[in-house]
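Both of the next two complexes hold chain A, though its partner changes from chain B to chain C.
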Partner chain A sequence: MSQKQALLDVHQALQKSFQVVQQQERVWADTLAVCTPLLSSLSNLAEQLQACKSLTFSNTAFRDFPDLESRLKYKLNRATGTVLEKLGEQMNVLRKVRDTTSNQVAACFQTYEQHADSIGLTLAVERSALSPSVADMLEWLQDIERLYRNQYLSRRLLLQSISAENLTDIHALSQSWGRVSEQGDPDVVPDILLKASFFMETRQDSKYCKDYESEL
Partner chain B sequence: MARTAMNLVPLDPRDLGSQRCRLGPSALASLGVKLGSPVQVSVLGGSALCTAWPRTDLADGFLQLDTKCATRDLIGKPCRGVRVNLSQLKAVPCIKLRAVQVKVIVKDLNTKKRAEKTQLKELVKDLLRNVYLCPRHVVAVTFDAPVAFIEIEGVEPSTHAAGLLTSKTAVRLMDIITVEHFRSIDSKAPSLCLGGMDNVLPPLKEILNLPFHYPKTLATLGLSCPRGVLLVGPPGVGKTSLVRAVTRQVGSRLIGISGAAVHGARPGESEGNLRRIFQQARDSAQEGPCVLFIDEIDSLCPRRGSLGNAPEDRLVAQLLTLMDGVGSESQLVVMAATNRPQALDPALRRPGRFDREVFIGVPTLEERRSILETVGAGMPLTREVDVPWLAEVTSGYVGADLVALCQEAAMQAVRRRCQDSADPEIRPTDFREALRTVHPSSLRSSVARIDFRPILWETIGGLEDVKLKLMQCIEWPMKFPDAFVRMGLTRPKGILLYGPPGCAKTTLVRAAATSCGCSFLSLSGADLFSPFVGDSEKILAQVFRQARAGAPSLLFLDEIDSILGSRSQDAKDGRGVHERVLSVLLNEMDGIGLAVTERRGAGRKGPLHEGGGQLAEARDDAKLEFQEVCNKDVIVVAATNRPDLLDDALLRPGRFDQIVYVPPPDENARVSALRIFTSVTPLGADVCLQELARQTPNFSGADLQSLCKEAALLALQESELQATAVNRRHFLTSLESFKPTLTDGHLDFYCSLFSSKRTSAE
Partner chain C sequence: MAGTCKSPGSITPRKADLINSARKLKDNAADWHNFMLKWENINDAGFSIANRIVNIKLGTRIESPDKLETLEGDGNDSHRGNAHVQYNKELEECCTELQDLLDKMAKLVLKMERLSSTMKGICELEHYYHGETERETPFFNTWTTKYFYEVSVQLSEMYRKEMQLKQLIAQEIAHTSDRNLMLMQLSAWLYQPYVEEKAKLLVESMLLETGHRPL
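Coming up: the complex of A and B.
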């Protein structure tokens, strides 16, 4: 297999990966956006539960309603459960994003491994005006995958650590959640996509050029 | 041409946790690796497993390293500032792992207690995804998680190559420990070598090891190992180093308290601090053996009620209660060190609290040799440095002094090197210089320390038989101990030099001290007497204690008749203190035994060699043993002009064995004395020393010296400070006006004293 052809194959794989990443990034951002109101409602519920627990109902005007306390608590707990379930669903979506990205990156790496000998090291690190080097792009993909993995893990650990008894933790959950997003560099993925955007566009154009060349 | 040496520079913050190592393209080409393939980098005493990537600026000659998966030594070490050779990098193949055994290191004790095994396994699997692993490496977790590190203990299939975790790999949790415990067990730290502690180290190791390794055996036997160990000894002897060495060898954790750190300003704060530290120790003892070391416990725990100091007493009571709580179910051992065991509260020293007491005394000759060998092992010594000789001359030196001595010798070598740029090897001359600066700490605060200019036997003219007697008593037991043991002789305890004033008694003692090289203590009346009742006795007893600690030593009591009285001769009241000092001296010289805290060495060792062995070394060691046997004691040398004033009890054999009369010099002796005194004076050609000696009968040494001075002054006076030589007539002129101090009456008195002592002995 000629060097040029091998390089072309790798570039195609990279391009496909970047497209997938672009889609997944949108899904990721959307999911996180959905999570935020859920978290605020969760902290709200937690606050209400806390207030409920600290109040002795028999001292207030509600003493005429005998089972108000238990019913209120039951309702609040059920609402908390629902919100947590929804959060769980969002976590599933995030997990799917992570898995898709991982698989794509792994496939890309595999393609590179197959063609690595034909391409050679010098060509792999060569950058041109039209495209970044293969090494750079592989590195970016790895970084993105690592970011998704770490962030998903952190969030999952956060959700696992809270429980219905520990209300103060729930209260602080939204802050901790925000902190996770700030972990590392929050703009990593958009930056990388920006850097690779020119590459993606030129590849698409040159695909037509190649077809044209082969026709000639 | 690719440069093979690279500078190690810090990592890009973007690369943290990526397990990448960034190399230049030519380095990558020489290694022959593809992008992202695993590479083992050995640097800074450890090794890290990373994936090879090109540098972003594609520059050669630099290396950046991410220590996500590295050996224990590299954790926490900043990877920078070293030059790395290409040979230190090795490409390793990669395989998929079937199973991996890990040890999880969590952030705190609560996580460890609450952790669920399955959840933890899932977490570990997620953390180790896409990470290249290698056995005995530690994976660091870079983001916020309850798990701080994961140590890979083993992999299947077992290999030295890099392994990759897949979804099908089985993860087995072998152990969960906390970060503090992990950091404290530094298994690769160099074990502290301590010389001279062979008798003390094994029992301590046993105390720590047995409950950890054989808990069931101990439980069935109904034994409970001692929970507290008290180390007692003079300062600088190695108590704190011993504890550190033992904990490192056993691999247990060491928590230290010092008395000053515990005390707080508010009432009750110190007790709270103490409780907190004990709780911390108990917590960490649940994971493995732990030692709580209390240094200088006499400051923390003095006798209760001695000063009526209520806060102190409360602190002592708190410590006693806490020590009672150290039960045998936890693996906590409390060790304490002190210099002053008599200041400790006695309630602390009973079984159940500090069961074992270990005395570490001033090192004996063997121990000193061992310490010197240990300390000198890491230093570049030339072959001429004679360690046994060093061990002999450093009597009274403790471990800290010996270390200071070696360091001072090294400094001398460095100073010498600055002047001539040769290799800094330490020579015997460096040690001799160092010996002049570093003095034994046990004698440093002594009242009786004196600096004297060394004198050789040759500078004292005549008095051959006196010199011989002194040599026999002082030098021979040290130089030929085997002969003494063979003949069943022991060292004489005391020597009394008496004679007319000015006859070189003090000089003789100085010469003896110079030649034998033992520690020299000198006490005079001014040092001894103090206005407080009981002080003089204390000072004398202290001086004797220090002399024993620095044995073999020479204690010189000059003008002893002024220090001590005689009980039989005067019954006046004003002499009370003299009698008391006399009784102290009599007891010390011939007393009943050593105090328990003054023990040195720990009994005879077993056979020194296990069969075979070089004969010469065996003889050398045997010689050292002989020296140990003979040199335990202190020699008291006294000088006086009035031996008749001394108490009879002093003059009996067993105390002052040898009573030596130092006569005024005879003619030959006068000649040699004159020669010595005029060695720096320019003499005229007509001066004949023999004639002068003939003309000066009954002159003592001091008289002769004074005569020479007079003659020189006269010469200066006559020539109005222009003289260059002293002539014969100057001597004769000064002789006319000079009267000897000794008369025949004096000499008869001494001789009769001598003979009367003889008759009284017969």
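Coming up: the complex of A and C.
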């Protein structure tokens, strides 16, 4: 296989990967946006449960309702469970984003490895006005993949660490959740997509690219 | 229905009467559904008012120390008085609104109880015609008339108890200064501890049984 053909194959794989990342990033951001109100209602519920726990019902005007405390706690716990369930559904969406991205990036790397020898090191690190170097783009893809992986794991860990007994944790969940988003650089993916945007656009037509490359 | 059942010795009115009983049960099921929806609407409106009351109370409690300080520094007593009057007025308006809603809810509970007594009436009518043994074929699918009555009583009992709780909350909420207690009152208002989750199930199965919902 000629060097040019090999490079074209890798470029196409990269382009496809960036397109997938672009879609997945949108899904990721939308999902996080859905989670925010869920988290605030979760911390709200935890606050209400805490208030219930700190009250001695028999010392209040509500002493005539002896089962009020247990009934209210039951309802609040139920509501908490429902919110957690919804959060779990969103977590599944995040996991899918992670997996789709991982698979795509792995496929892209496989293509590169197949052609690595024909492309050679010099061409792999060479960049032009139109496209960043193959090495750079592969690195970016790995960065994105790692980001999704870390973020997903941190969030899942957070959700696993809370329990009905520890209300303070639930109450603080929305802050800890926000902190996960701030881990590292929150704009990694949009920044990379921006850097690769010209590459993604100009390579829509592979025929044009071939011509362009033969001119080089 | 009442008119026809009084004419003794005739078969046709009796038959019509039975059909009427079924229709009445069906109407009652629909009424239950509508009353519960109405209750939810009023409940939501009531919650936002209760929430406002708590916010007014919390706001003034947090603000008052600073306010007092600055106002005393200015030596402007009349201003302070005005603020106080305004706060009282707003609080009073909220309480009146809440009371209005409570009255509406109380009326709903009464209507719910009336549904139960209608169902009881139908039960007694059935008893009159069929004695201890229930009618052979149920009015609809499987429910006996007595079961309709039991479900209705269960439901109205939940709402009656919830109503009592809400009345107490409305009495207390504007006179509470403990933050936790206020929070508890709010969540009790919203989550309605005495309206059990099975209420929805009961009314839905009643709708299913009477054919309001397709089987």
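What we mean here is this: the second predicted complex is superposed on the first by the 204 of 216 C-alpha atoms of A that agree within 3 Å, B and C clash if a C-alpha of one lies under 4 Å from a C-alpha of the other, contacts with A are read in each partner's own complex, and residues count from 1 in each chain.
By definition in this document, a contact is a pair of C-beta atoms (placed from the backbone, for glycine too) under 8 Å apart; a residue touches a chain by one contact, two chains touch by 3 or more.
No experiment lies behind these values; they were computed from the predicted model shown.
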item	value
Which superposed partner A:R26 touches (first chain B, second chain C, both, neither)	neither
First, second, both or neither for A:K4, with chain B first and chain C second	neither
Partner chain(s) touched by A:K96 [first = chain B, second = chain C, both, neither]	neither
First (chain B), second (chain C), both or neither touched by A:K75	second
Chain B versus chain C as contact partner of A:A51, first or second or both or neither	second
Partner chain(s) touched by A:R63 [first = chain B, second = chain C, both, neither]	neither
Shared contact residues on chain A - chain B and chain C	none
Contact set on chain B toward chain A in their complex	14, 17-18, 20, 25, 28-29, 34-36, 53-54, 56, 58, 119, 123, 126-127, 129-130, 143-146
Contact set on chain C toward chain A in their complex	164-165, 168, 171-172, 178-181, 183-184, 186-188, 191-194, 197
Touch list for chain A against partner chain C, complex	47-48, 50-52, 54-55, 60-62, 64-65, 68, 71-72, 74-76, 78-79
Chain B-touching residues of chain A, taken from the complex the two chains share	102, 109, 112-113, 116-117, 121-122, 124-125, 134-136, 138-139, 142-143, 145-146, 149-150, 153-154, 157, 160, 183-185
